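Input: a single structure, listed below in structure tokens.
Chain naming follows the written order as A, B, C, D, E and F, and within any one chain the residues start at number 1.
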Amino acid sequence: MPYIKVNMTKGATTEQKAQLIEGITELMVKILDKNPSSTQVHIEEFETDSWGIAGRSVKKLRAEGKTANISKK
Amino acid sequence: MPYIKVNMTKGATTEQKAQLIEGITELMVKILDKNPSSTQVHIEEFETDSWGIAGRSVKKLRAEGKTANISKK
Amino acid sequence: MPYIKVNMTKGATTEQKAQLIEGITELMVKILDKNPSSTQVHIEEFETDSWGIAGRSVKKLRAEGKTANISKK
Amino acid sequence: MPYIKVNMTKGATTEQKAQLIEGITELMVKILDKNPSSTQVHIEEFETDSWGIAGRSVKKLRAEGKTANISKK
Amino acid sequence: MPYIKVNMTKGATTEQKAQLIEGITELMVKILDKNPSSTQVHIEEFETDSWGIAGRSVKKLRAEGKTANISKK
Amino acid sequence: MPYIKVNMTKGATTEQKAQLIEGITELMVKILDKNPSSTQVHIEEFETDSWGIAGRSVKKLRAEGKTANISKK
């Protein structure tokens, strides 16, 4: 029954999403012996002005080069 | 106060969404005696390459005709 | 693939939850022709001091009898 | 570690989102002494036909001028 | 219609939760002119072994005093 | 900034949760080059009467031995 939701900023390719779905499902089976046929992985991507950390949007942090705590792209 | 979130792949019409909002709200009132005026239903739709089951994306499963465990459309 | 999450305050019986799971699944099949075998319904219940509407917790609103916009129980 | 998700209908400007991210982060620090560097605020916006209250979509309620319990825009 | 979900580790008092519900609702009204009567704030609290950052659980990070990027309590 | 939420039925040990947090974070770094210091993994566990598939709760499906599409434990 596991349902895994991945929230991240935009930019992943279809191939990267496929790898993520496969990799997370494998972890659920390997670590927790979950049944893959009911394991769902759901990926959602967001604009960088809709996500903030430490009170500032990722869009601003990237524009200012302050990427020590966030991803560069 | 109930808040119901429906996550599904893209394709529903505005009319189908309206039926879903109405039907789920009726269930909350009928089964649990919830107050409809604070019952919210929220529908979110996703691309088929962003949702996986059994380690593979819905997009791939449909392309291969493997729809025994997923919806055909 | 649909995944439906119901968020509500505590108090439902196991029987009521079973009715909700059945009823919502039927709606997904009837309105949207979804495949029931991959339709998941997930119910989560919360304490009344952890949910607020109009800026006040449900616990307070109930204690004051202000239940016009919320459920009485 | 707090993760705050704001779900609302479409229409906010980038500036309003920035204010929201800043304001909510300040509340988490002030009220709960949370560490801002791991406090994330995530804003998601939806179409008005995908959100319902009292069994009807926001789109319909607005079209009919029934906005006593919802926002006008 | 806004629905705001706050996810954080356990430990807030009922009074702190009430302040959070009030404060976030005020922000939604002030910044976005949202209708408070349909603005819902929902707080959920988790155990420290169920939340991880940088690949390690908050429980472990706190036990080791590595709290530069997380809250101390 | 990624925020990954794992929803599953109860029963994982603290050690298994730690492995899951570590494994998912590694995937995010390896596949998408995400910054681990802002990658959060959040695990939530539910009772088996609060989760349903194909219109029936996991609790009932397990009691009846119908575990072809769900996990056995």
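What to note about this one:
We adopt the following convention: a contact is a pair of C-beta atoms (placed from the backbone, for glycine too) under 8 Å apart; a residue touches a chain by one contact, two chains touch by 3 or more.
Because the structure is a prediction, the values reported are computed rather than measured.
Chains that count as touching both chain C and chain E, per the definition above, are B, F. By residue number, over half of the contacts seen at D-E repeat in one listed pair from C-E, B-C or E-F, namely B-C. The most distant chain from chain A, with centres taken as the mean of CA atoms, is C.
The interface with the greater count of contacting C-beta pairs, when C-F is set against B-C, is B-C.
Computed from the mean C-alpha positions, the centre of chain B lies at a distance of 27 Å from the centre of chain E. The distance from the centre of chain B to the centre of chain F, with each centre set as the mean of the Cα atoms, comes to 20 Å. Residue positions of chain B with contacts to 2 or more other chains are 1, 3, 7, 37-38, 40, 42, 51, 53, 69. An unclassified topology is adopted by the chain contact network, corresponding to no line, ring, star or complete arrangement. Taken together, the chains touch in the following pairs: A-B, A-C, A-D, A-F, B-C, B-D, B-E, C-E, C-F, D-E, D-F, E-F.
Residues of chain D that touch chain E in their complex: 1-9, 12, 16, 19-20, 23-24, 27-28, 31-35, 37-38, 51, 53, 58, 67-73.
The touching residues of chain F, counted against chain D in their complex, run 1, 3, 38, 40, 42.
Put simply, chain E touches chain F in their complex at residues 7, 46, 49-57, 59-60, 69. Those residues of chain F that touch chain E in the shared complex are 14, 17-18, 21-22, 25-26, 36-45.
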